[in-house]
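Sharing a structure, written as structure tokens. Questions coming.
Order of writing sets the labels: A, B and C. Residues in every chain begin at 1.
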Amino acid sequence: MSDLYAPLPPSKKLFNAAMSVTAFALSALALIPLLAMLWAILSKGVPHLTADVFTQLPAPAGMKDVPSGFANAIIGTGVMVAIAAGLSLPLGILTAIYLSEFGKNSTFASGVRMLVTILSAAPSIVVGVFAYGVFVLPLKGFSALAGGFALSVIMLPIVTLATEESLKLVPNAQRLASAALGAGYGRTTLRIVLARAFPGILTSSLLAIARAAGETAPLIFTALFSQNWLEGLLGPSASLSVLIYNYASSPFVDQNNLAWAAAVMLVGIVVFTNLLARWVTRNRQTTR
Amino acid sequence: MLPSSNPPPSNSLAPSSAAPNEGEQPPIPVMHVQDLSCFYGRHKAVEGVYMDIYEKHVTAIIGPSGCGKSTFLKTLNRIGEMESDLRIQGRVELLGKNIYAKGTNLNQLRRQVGMIFQQPNPFAMSIYDNVAYGIRTVSRPSRSVLDDAVESALRSAALWDEVKDNLNQSGLDLSGGQQQRLCIARALAVNPKVLLMDEPCSALDPIATMKIEALLHELKNKVTIVIVTHNMQQASRVSEYTAFFSTDEHRIGQLVEFGATSQIFLEAEQPSTRDYVAGRFG
Amino acid sequence: MTEALEPTQSNLPQRSPVPTESWVSQFGDGGFRGISFLAALLTASIPFWMCLLIFKDAQPAIAKFGLAFVWTQEWNIDQSLFGALPYIYGTLVSSAIALFLALPIGVAVAIVTSEKVLPEGLQTPIAFLVELIAAIPSVIVGLWGRFILIPALEPFQQFLYSHFKWIPIFNTQPFGPSMLMAGVVLAIMIVPTIAAISREVFLAISQDLRNGAFALGATQWESIMFITLPAAASGIFGAASLALGRALGETMAVTMVIGNVNEISTSLLNPGNSIPALLANQFGEASDPLHVGALMYLALLLFLVTLAVNAIAAVLVRALTRNA
């Protein structure tokens, strides 16, 4: 019975130790870029995050001591994300309602789900190409509308699939109880099912918005870019993400600095929206 | 093979021998079930039921599990077909009109024949809004009319005194027994003729159960009640009529016997009924 | 008979029993159902619309170059000669490097956040942080890559060149942006995908399997490496496929670090190009229908390949998380 207390043989100990070290090292390797990125963005961007940034247009390249900012990019991102949300949220939520309440497991509904999944796998640059074909070619020009449309195509599958999940979580007994009181489908869905699923739907909408705000590729050749204020939805528009792309490769340090400042703002928006989305769901879990 | 209830069983339409209380008027059927069979897709779950539901009385439906009691109950307000591919053959009549006729307004039907489910399922809204939900579905009464209707329903459900100061509290914050009474109030608010209850106390503790059973004694003066229960003692306590369901060897549910509760429990005619109430199987 | 059935409270409208369907309520319900059905139809039509439109606009190039487009190397806008090979090559190679680097890291993170090799309290923060990487917009990863990562890894790239130039993949002088850099940046971006899905796969593996190993005297790590990991293999493969699908379509981070040079070279230290990077660079200025057509053709190829890879991945991942 003495070997009940014998220690592990050295080979096993070594193996365990080596595996642990490797696993932790690799995990650290995964986290280092994140921390490095956040550090770089904050240290290089925050110093250039002045009040001008919110109010001024970008100064022409190379000019010094001219107030410079990217207010037009902030507005542009805001406007295009708003267009995207306005298009994709109603369409996505209605589609999800169909899939969860009416179509359920029918062949048509399964087909729709598959197509939505295909859409979600489309690279964002291809979505940009699509929007280019739909708007830029026929209208012979770049526009905020085209950019907003491209973003909406990216948001649509996220909203649809996540909303369907939230709707399916509502217990069926609630629908039956509402029907047992004589309410029809429309009323039951709106007052009972959607109301109950609302936090989840809000979360997925926020996550989709965060994603859209950060997208660049779909905007590069749909909304293009602009150094000026937005002139209507049919003209090109600046955006935070395209500004970062353009100014990052600029030889002028002032523009590089603006790029970093814009990066801080963009990351701030994205992280904030993500956290807000999670907070919404966590808050609701405390009520039964 | 268990003898199925042949039409019409003498004990279901003979008021004088079936009336549980002496000196009362003969009971009037508010619902009539004629040769009802229930199918899930191609699979027959219940066969050949003939039964009357007498108004302002409590009818209990008892039987071993899996014998189609709930399935049968859910055909009475056509809720069963909402949650599965349930379909029926035969007739179910509410006040003489076939509820399965083409063109039946299902919403209206369900307001007339309400339902209480096994798990209390109040909506995620205030107590007031829960009770007002059914009323608001068809009308927009003034606030004072609505207040009165809500109070009346909550009183009928013996819940008013406990919640009258907190009507804006969420329905989900109540205890299990209170939630079930809230569901009852909610159902009563639309003035149904019949209230179907599918094992309403099985998820509740004994004290909450007692309160609901006491409630049933008063409720039956206002609304007809049909209650499915797997608890025989409960059936004998609360009901005046009892229907005993069981399965044959093909696992198809059948109405074995129907009659006054006292008769079913003390001198049932069918041997399987006698065995069941004596606890010899179940 | 009616007397006995009079409701005790008469504020509410009296209705005869079981009236037939009122056309208003029929329409209301039917209308709602109809609108949601139309929405579903519209949503489902978008992928078709996308394919058809891109295919149609690619016609000038498809008609002129046919399938040879795929293996032609020349891309000359002035002479209207277009070939996709450098970009296909760049896309595949950068994605392959990314997968090679990201797979061990992603699986390590998955193990660390699902198996009991860490104090429980650390698992959620680590999983959360890794997920956060996925939320960072690609253009910001590119910005960081260009200004921070490339200079930081310059000595490393030099090291590879000076000490390993006898290996073909390291045999050119690096000067910053390169295929290797693109691979590294892509790896950073796809680690969260591999980690998240592999984690689900690990969690889906029945505890009985591990218990069987423990009951035979295996240590924690032995059980993970020799029992759990093999069982998770096809799921991890699915995760890798999904990550590959993402990497193939990744645009911004790649275009900011790959150098955007239309060359094919065996050396990873050379700059290169990829399909998404090229599209990002040239679509804004393309005007000639043949040029646009060639770009559309590239987009179509990218779309189809990404679709195929994702389809395979979805099948694999679903199969494992259902069976385990």
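The rule is simple: a contact is a pair of C-beta atoms (placed from the backbone, for glycine too) under 8 Å apart; a residue touches a chain by one contact, two chains touch by 3 or more.
As the structure is a computational prediction, the values presented were derived from the model and not from experiment.
Averaging Cα coordinates per chain and for the whole protein, the chain whose average falls nearest the overall one is A. Farthest from chain B, judged by the mean position of CA atoms in each chain, is C. For the interfaces A-B and A-C, the C-beta contact count is higher for A-C.
Rounded to a whole number, the gap between the C-alpha centres of chain B and chain C is 54 angstrom. The centroid of the Cα atoms in chain A and the matching centroid in chain B are 50 Å apart. Each chain gets one centre point, the mean of its Cα atoms, and the points for chain A and chain C are 14 Å apart.
Within chain B, residues 107-109, 111, 138, 190 each touch two or more of the remaining chains.
In chain A, the residues that reach two or more other chains under the touch definition are 184.
Residue positions of chain C touching 2 or more other chains: 25.
On chain B, the positions that touch chain A within their shared complex are 77, 79, 82-83, 106-111, 114-115, 117, 119, 121, 123-125, 133-134, 137-138, 170, 172, 183, 186-187, 190.
Note for the complex: chain A touches chain B at residues 171-184, 187, 191-192, 195-196, 287-288. Those residues of chain A lying in contact with chain C across their complex are 8, 12, 15-16, 19-20, 22-24, 26-27, 29-31, 33-34, 36-37, 40-41, 44, 90-92, 94-95, 97-99, 101-103, 108-109, 111-112, 115-119, 121-130, 132-134, 137, 142, 153, 156, 160, 184-186, 189, 210, 213-217, 220-221, 224, 241, 244-245, 248-249, 256, 259-260, 263, 266-267, 270-271, 274. Contact residues on chain C toward chain A in their complex (touch as defined above): 25, 28-29, 31-33, 35-37, 39-44, 46-50, 53-54, 56-57, 104-106, 108-109, 111-112, 117, 126, 129-130, 132-133, 135-144, 146-149, 188, 191, 195, 219-222, 224-225, 245, 248-252, 256, 276, 279-280, 283-284, 292, 295-296, 299, 302-303, 306-307, 310, 314.
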